[in-house]
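The following pair of complexes shares a single chain, chain A, combined with chain B in the former and chain C in the latter.
And then the complex of A and B:
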């Protein structure tokens, strides 16, 4: 018998793997933006001095000053060391494009909008998709399935930004039922009043729907196949011949089919963060996708790094949570890795 | 003679597919008497498992019943709705133990949860009562009582098979239908499973067993009557001793020569494989379905199909070699 509980060992092993992955990721996210030609300070200065004719010497002095300020004149290995040691201290650095705002503050002000948009959208799509998929599978070879399957297939192949633009054009631009841009009316400032919340939901509807509708298709197709496969398993037939009701058996099948979908859910929690980038651009929604777009277009190294660190950390943590959930839901995994 | 427990009459059932009709059960009469172990033997793909499903009235598309009756205690199961059969027959009067015990149990439920879900469909018993019923039965059968609180994967194959048999028969059904219950088990485990089923019959937990297998030696140990099935039809039936001692149909003989038996003749003869393959049930051969593989094939076998005729001693055979009108 091990002295430490097998569950702790399981978590530690998963945790160690995640930390290793994170450090590998840090190297990549440090190197990739710097591999893009150009540098952020030049980009910023071009912007600043575009209008005003400036003395070339002044420009050069400012340029040097900025390089020093951001440590971009140091050799790469020192920059990397600075980056990681600051990160360990919880400092994501200062944005170049939004100078002098801190990266952490910027992310903190944009992230809630993304989370508020994506988490409900993913969960709703996941729930509806799985229920519809299971229903289609249960009614296989009937009109229900014959009608639903093509809908799922089309939805799953629709580009989400295309749907976003269609929704925006029809319901916002043409019909004027919904607002065209933003997360709330520009004249309002965020508060917990009912007027503000209603206005916010009004802005929320289209981006939310554009993500949900497309995501339903994929989940439903996956679940339909899983349930059809599961319905053919021996235990379904045996349970039936024991006299179990359809309802009970469907309960078994649903639970067993949903296991792979739980993994999928966590993964999409992580990846759709970046994937909503275009949705946020289409609706000018002030989320991390929008922020990331700004960061990339100005080559803002600290902001790119900071945004990605937040996104990737979320993905990794989501994975860890799924591993733990999985051990909880599936007794076979619980026994093999965790102990009963 | 009392009325048989289960009587299948003129059963025809097919898988109706786009490419055609697979006649997996093609005119079968079968009888399971009370207090008997009836063996049903044949190669893989001969229609045994389909016949089992038909006898259980477990008919699902693409399988369709073309004709026939299944009388259980005189009541025709094919006249009942699936719902009615599920409530009143399965698990109550007739229980079924599937081919693969490995996958027969829901992998994510403790066994007792399945038992509760099943028993409460048939009786108003509380969960507590189900648990104690289950434990009493396991004790009676010398199985570890804690096994019902485990997940299926935590039991060995043989234990799982015995537990399945035990929970299938909690409500003392009259008939236990077992489909290849021992095929996946090693010989010593097989023996335990067989012994347990026979004990259950002796203790009147069940009256009769319909034992489906391709393993003739197993049937020889346990059965009182046998039916030999080939290509969707019964080719020979009779009391087990008599059929095994003196097989009449060339297919029965071939089946017996293809397995190990303890008799010295087996050693002298060696094992003889049956030449050829079982025919496609989509397009069965003309005449006797066994004629392309039969060492005794005659002209008549190629053109007309032998009926299953009684030959005395409660035996019957479908072969022109034994039809008096042809032989004479």
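And then the complex of A and C:
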């Protein structure tokens, strides 16, 4: 019998689950407008059709495109089949508000700003939060821990966008240290010059900080508890008896406690993404949150759906990457994972 | 950060003094919400004064861009947010407990299917799901918003209830009930549920704070309730009408600070309750 590496089995299982989740999500996206009483998409179609009577050419073109893409006049299973097959071909439909631009192109031009904000912010907050949490645990029942813990707890309950408003008000509006809106000065166009990059970082600071500061709270609370439990385990006592230095022991404790936090990283990304989208609104930052808000306020259903499909795909891919990383750093999975 | 919260419950977190402080904060906000409009009978939706005046004796928290009183809005907003929070949390709890009990008690294929569903919902970010559902409704009353929040926030409750049910179902008293020929339904109601009641209560408190934060997020992106005032609703208008860039701090600081105070005190209370109900976690 050929022996397949447990690592491969683990990755395949995770991958299969993520693909299943993606299809479940697509099914929800497909079913939602069709299941809600009064079919909002059909209602929007009627509305566009009425406009077309007054304002022929372009609106008629929008109407035809919309009718074709949603295919509401076809039987349900054909609609579903069309929906999935178009999607697999990379076609997310045509935007109504930005007609005739394709949804996929629109989202692609806004997505880099969101990812550029989100990925560094999540990683930095994760690193700082875990270090602070471990420190608080090590200094438990001292002034350090007593001062830090309430701060972590309150921070973990602050909405990103509210902290964004506070930072914007204090550091940009009142103190004028940072710009009040956008991702770069409106007079500049994106280029790879040092002046542009500096201006960009200047605009980047506040949105970045508002995500990092809040996210630190949750990570620190989790890590603090994990380290406290870990410090009680037998090997710590044994190492102390052997006379190992505190620093050395803490290193082991930290490595053991960080594992659940890696899994936590996968689970928390969605929450951070949701908060970050709204934070973009506060700073008029040209990411997908801003695009989504435009789409929502104009009831541009193809654009709303497309944005969600791209965001959720990104998230699922990120989840798979974290799962692979986890299997790689946790020797128990690398060596002995054989399914249930 | 509900998921983050559920894992932080630990014995070391709280002394009784901190519970007192959080209860005091919570009761103050409750009092403001429920008695406030009697003591300060100003209509939250009525134009009562000059536009955008900073706090003064006449308008304790100032007025907004339409000349509406912010304190009156805050009072109504607390009530609105608490109402949505309480309803949404009840819905999540019902779904989570039902799925958790079924999966844990029935086991086998039912368990596998239900946990697969739970894991799928857990993997999809709840705030994105909420936005997606809410986008299709033109009119959203507080009940609809509560339902939307409720049906997307239950997975971590289901997981926790399932694992507690699993550990309970093979205890002697459950086996005795089985031998006595009691139906599954009665065993779950009389033997299992009472043993996880303290956890359920704690989960409700956490769900409620999560739901109020979710409501604010939905409102901020323009998909909150279209009827009545909530804390999120006040923040939404402050955001849309550029309160931050125009320096109208009295418009966006009070609703946000109230929300944070509410959520943080609920979290601390849940933590303290857990310590109280689980004596094993105390001390050491």
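The rule is simple: the second predicted complex is superposed on the first by the 280 of 340 C-alpha atoms of A that agree within 3 Å, B and C clash if a C-alpha of one lies under 4 Å from a C-alpha of the other, contacts with A are read in each partner's own complex, and residues count from 1 in each chain.
Keep this in mind: contacts are C-beta pairs under 8 Å (C-beta built on N, C-alpha and C of every residue); 3 or more make two chains touch, one makes a residue touch a chain.
Remember, predicted model here, so these are calculated numbers, not experimental data.
Colleague: Is the arrangement of chain B and chain C around the shared chain A a clash or a fit after superposition?
Modeller: Here the two partners, once superposed via chain A, fit next to each other without clashing.
Colleague: For A:267 in the superposed arrangement: first (chain B), second (chain C), both or neither?
Modeller: Touch partner of A:267: chain C, not chain B.
Colleague: For A:157, decide between first (touching chain B), second (touching chain C), both and neither.
Modeller: second
Colleague: Put simply, what angle do chain B and chain C open at chain A, by C-alpha centres, to the nearest 10°?
Modeller: 70
Colleague: State whether A:24 touches chain B only (first), chain C only (second), both chains, or neither.
Modeller: second
Colleague: For the three-chain arrangement built by superposition, which of chain B and chain C touches the greater number of chain A residues?
Modeller: Result: the larger residue contact count on chain A belongs to C.
Colleague: Does chain B (first) or chain C (second) touch A:189, or do both, or does neither?
Modeller: neither
Colleague: To be precise, I mean the smallest distance between any C-alpha of chain B and any C-alpha of chain C in the superposed model; what is it in Å?
Modeller: Result, nearest C-alpha distance in the overlay: 9 Å.
Colleague: So in the complex, which bits of chain C are touching chain A?
Modeller: By the definition above, chain C touches chain A via 1, 3-5, 7-8, 10, 12-13, 18, 116, 119-120, 122-129, 131-133, 135-138, 209, 213, 216-217, 220-223, 235, 238-239, 244-245, 247, 249, 252-253, 256, 259-260, 263-264, 267-268.
Colleague: How about chain A: which of its residues touch chain C in the complex?
Modeller: Residue positions touching the partner: 17-18, 20-21, 24-25, 28-29, 32-33, 36, 40, 140, 149-150, 153-154, 156-159, 161-162, 165-166, 168-169, 173-174, 180-181, 217-219, 221-222, 225, 228-229, 260, 264, 267-271, 273-275, 277-278, 281-282, 289, 292-293, 296-297, 299, 301, 304, 308, 311-312, 315-316, 319.
Colleague: Hey, which residues of chain A end up touching chain B in the complex?
Modeller: 141, 233-235, 237-245, 248, 252, 255-256, 259, 329-332, 335
Colleague: Inside the complex, what are the residues of chain B that reach chain A?
Modeller: Going by the criterion above, the answer is residues 56, 58, 61, 86-87, 90-92, 95-96, 98-100, 102-109, 114, 117-118, 121-122, 151, 153-154, 164, 167-168.
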